[in-house]
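You will see chain A twice below: alongside chain B first, and alongside chain C after that.
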Partner chain A sequence: MKFPSPSSAEAVVSIANLSRRFGSKTVLNDVSLHVPRGGVFGLVGENGAGKTTLIKHILGLLRAELGSVRVFDLNPVSDPVSVLGRIGYLSEQPDLPGWMCVDELLRYSRAFYPKWDAAYAETLREQFGLNPTQRLSTLSKGQLAKAGLLTAQAHRPELLLLDEPSSGLDPLVRRDILEAVIRTVADEGRTVFFSSHLLEEIERVSDHIAMVHQGRIVLCGSLDEIKQQHRQFTLHFETAQAKAPIIAGALSISGNGKEWSVMCNGARNQLPEIAAGLGARVVDDRAPTLNEIFVAHAGTSISNQPS
Partner chain B sequence: MQIQVSVSDGVPIYHQIISQVRYLIAAGRLQPGEELPPIRVLAEQLTVNPNTVARAYLELEHAGIVTKRHGSGTYVSEARSSISQREKTKILAKRVDALLAEARHLDVELNEVIKLLREREQVMNEEATK
Partner chain C sequence: MHSPVTALAWEIWKRGRRSAWLVMICLAFCAFINLIIPDTNHALFSAVFGIAMVLSVSFLMGLLNCTEASPAKEWNGFPYRIFTLPVPTWKLVAVPMVLALVTVELLYLAWIKLVWTHSQIDRPLWYAIILGAYVLYFQTTLWSLSEFRILRTVVLSIGGVSGILVAVLPAFEKINMVSSPWFSEGRLIPIVLGTLPIAFVTAWASVARQRHGGGRRGNWIKGFVEWLVDVLPRRTKDFKSPAEAQFWFEWRRAGLLLPACVGFALLVVISPLTWRFRNDQQFTVLTLCWVVGLPLILGFLIGKGFAKPDLFSTNLNVPQFLAVRPLAATEFIVAKLKVAALSIFMTWMLVLLFITSWLSVWANSVELQKMVYQFRMFYPNSWFVILVLSFVGLMVLTWRIMVNGFWTGLSGRRVYYFGSIGLQVLVPLLLLLACAIWSDNIDRLLQRNPELRKSIAVEVLGWSFAFLVIAKLWIAVFSWRNIALRHARQYLLLWIAFTLCFIALAILASPPFDVYRQAHVYLLVALLLFPIARMGFAASSLEANRHG
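Entry: the complex of A and B
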């Protein structure tokens, strides 16, 4: 099995300088990102940050007003058939016809995708424990999400696009969804793009991440590099400090009295020296969690509770 | 092979996999010549990215702890790791320093620490023979 290095591979999705306004509200502000082939790309941001609007541009449901969006090096708005046939999409609230039974949904979905793999669809149906004769309107929220995931996956799309797939679901269904993500990249090096406000999920399964905050990308890159570059230091001062110390290059400084936490991006080697200059010593130096990194960049926290 | 990863403490996941595999080998729960689970199987078991597992296996291989056999799988190395004595001392000295600092903070005498080390080794040996 080969796991191509995403940095050297070509981009499945390329977005350059994309901006979008709805009325007077700027929802996306100069967004640029590239989704490398064969990896998992996690889009992180709180509710209302612009994640769904970004995904709608990738699907060609919204036209790029400013900037450009290319998917498989095609324009998803002018070439929807070629683009959508290669994407599997699961929205936050799957919009499935409630009067259909599970097996009717499979036959119906199959008609849209020339590459539909009926045997694979059947395997997934069994694995997800979906009863073929059950009406969709009687399925639970978790079962509906699984039905949506099944129709998004059964044509083995080159790009699996999941918009807040675990939102409001119980841990068992969330696990099924994450396993589907893992299987997708482990199989034939296909690509997954998924958005979530659950940083734990993003951290577990992503190779690359982009953090979006109020329509802007505040951090984008390989998860390994991001984790490696950021350090959380604790400084101990001999005497209590009335206000936060000023440290060049620090992303965020918080604390009180004698002990202050400092988040740095990159400058980890210089910090002990800078601290000594301020009359403090470094008493702790650790790898921050993705949530702490997000807070440092966005100046705000993401709730870790599913909405 | 039972290992757990957690994203709540900030330690990169591939690091957690590496240190737990090393622990399992040291505790005798993974024997020389034993096969590690395939990358994709472990990735699904831990619900982590397969590339992360691949990276952990690669680093374990570079350290001589596991060996990859072509077209087959990844196995615990037969030979004891070939790192030099100096290298071993260097790796352990860091851990020992941290341990001594902690002991000093807690007002625990050196003799007590040595006694505890012996006791823990005993426990590890007992686990290995189970």
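Entry: the complex of A and C
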């Protein structure tokens, strides 16, 4: 079952049929995505799924080979100044020049953004505990992430793009980043596009999510809808099953013997009937976590691939 | 692969297989030429074969050196990651050494048997031994001095020259120049062979020390530069515009490099020399040429780095930090052009200051004054204007050298970048080499046909330059079509101003009695000097790099 996507008319980012190859490897395959204005949009996927490539297209750092990318209804490649001026960006490894000191970084970044809020920047700097005279090359990984977040946030961008910002960071820095994300949305209703493979994080802050797996969007929609649509059933068979039962529409089936777990997408009403037909009964019915949903979809996608 | 030794050998081969193929192609090509040329022409090609052989051995040593650079660890020696393998150190060292020895000897044998078939090689065994020894010492030096990069380069250079001297020692015995029994092959071979275990033990000890955490050294130059930057006053004012911020960024990265290098060379190398030879008239003239040429030479070298998105990085892609700035590609280029201009202005002011103080205080300028007098006699009315225009021209030429590689350096494509550097270095080298090899033939040809000199100088060059001027202007129209009119107009004004400066210089410097009518060649050169078409391509190159 497909989930409804926000319409392109109200979208901050509109991607249509985007495909990208690097050599013989297809990294993005016919991706269509609309990121609605306001709220947090989470992009989840395993390592190498194509999340960073997708974000690079949004930033205009990669030209769309096939399909189209529009950000604020502009082409980020042909009009980088207008698009990048409204985006704050933080990557997994902030590529900050090590020779600059924190104060210089702020002054330099400020020149590019007319809406730079110096007071807000100073508040964030103090909150993050960054010494203005310290050279960036001497900062720890967590401090670098905070410095990157500061420059991404201080001009109060319409779209905050975070590409796995908390990957490899300690829980305190991760908390700071997540708080900043929440604050961004709460303050002025701006948009946050947040990619991560840490699904608990995404689940905590996102309103909408898209799952990307092997270059394809396998799931897209509001988090509430997605969680509502997916159910995790536990089936109890009277006799032990040697192999997994075949259930039409099931995303994943796991277990052994008499107890089997079935993940379904929108088949909540039909499953008890199907189970009864197989000689089993539903003993548990619960909402799965985002992690379980992701694993189920990724597994489905792998098993659907031609061998 | 059932043994660590096979795996290590395979890795070395796999990493250098492209260079190995190049070596084999070079060898096959020379063998083919050797087969098809008539016997009478072998002498003509022997120099080419010699150079190709040296190149192929150098390539082979490059692929067998077994070193890895890791900027993150500031490491450039024996591959650090191999240290974690469960293999004893002596084996880690012995595998690349034995592999290098066997490969280089096989290559030498192949050259002798396939290419040098028409000439008798004197002492083939001696050269085989010295070649093998040189490869082993090369590896030992690379691994043992991995923490001393400059010292290592110096030791390798001295070792290379010494290796050549040792290789020719038996030749002295034969031609009886310096007769000594110690120059005979019979004595030299055991000595060289006897030193090889020392090379192996040294390499083994060094790598073993590095494997257990030794052999590291803090980069004191980097530390000193960072300390200097920290104590220097920092900018405390806000930038008025993104362009100003970008100019500051580029200036901080690369602006002071050329003035600092030229200043260092003037202070540390040239000044003591000029003081030492302060009474030598000829030395003054020669040194003046070197001092004037210094910014051009260093500008060429630094310009190769400056043409990249980041001078100090080997990665040619636009750093993400810069790529996400809301700034048009042309603004990035403008910032770089301005930084190059200011850097060059500072450099030439330094040079001017040095020349003025040197010539007026401690130089013996008698010979130079004679030359200046002759120059003033030759151009009685325009000598001063020519001098001023020449100085401006030199500054503009240095700027051109610094910036004309933007269109390849900013493209992010290694083939374009290294290809263009290769062409700029190799083509003149090969031309010089060809002239040296065939100098006698060229001399004879020119003596037989004296008019050829005139036709080459005036007609061939004239038509070539005319073609280049047309091509340059034609391409410029296309290269600038996507660039904002404001920038195009500004650059066109600059181009017109400096081209007029060169044209004025060409007209004034044309000889009063222009026998061969060379004035039009000068004018065409003047039109070629200031870049325009390539600057247009620079912005699209950067855009292509920035947008993948």
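One rule holds in what follows: the second predicted complex is superposed on the first by the 290 of 307 C-alpha atoms of A that agree within 3 Å, B and C clash if a C-alpha of one lies under 4 Å from a C-alpha of the other, contacts with A are read in each partner's own complex, and residues count from 1 in each chain.
By definition in this document, a residue touches a chain if its C-beta (ideal position, glycine included) is under 8 Å from a C-beta of that chain, and two chains touch if they have at least 3 such contacts.
What you see is a predicted model; the values in this text were computed from it and never measured.
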State whether A:S206 touches chain B only (first), chain C only (second), both chains, or neither.
first
What is the contact status of A:P245 with respect to chain B (first) and chain C (second): first, second, both, or neither?
neither
Now for A:P272: first (chain B), second (chain C), both, or neither, which partner does it touch?
neither
Just to be sure I read the superposition right, which of the two partners does A:D224 touch: chain B = first, chain C = second, or both, or neither?
first
Taking the superposition as given, does A:L178 touch the first partner, chain B, the second, chain C, both, or neither?
first
Which of chain B and chain C A:G189 touches, first, second, both or neither
neither
Classify the contacts of A:G67 with the two partner chains as first (chain B alone), second (chain C alone), both, or neither.
neither
Of chain A, residues touching chain C in the complex
56, 59-63, 77, 80-85, 87, 89, 91, 94-97, 99-101, 103-104, 107-108, 110-113, 135
In their complex, what parts of chain B are in touch with chain A?
5, 7-14, 38-40, 43-44, 46-51, 54-55
Considering the complex alone, what residue numbers of chain A touch chain B?
1, 3, 6, 39-40, 175, 178-179, 182-183, 185-186, 199-200, 203-207, 224, 227-228, 232, 286-290, 292
Interface with chain A, chain C side, in the complex: residues 226, 229-230, 234-235, 238-242, 244-245, 248-249, 252-253, 319-321, 323-328, 546-548
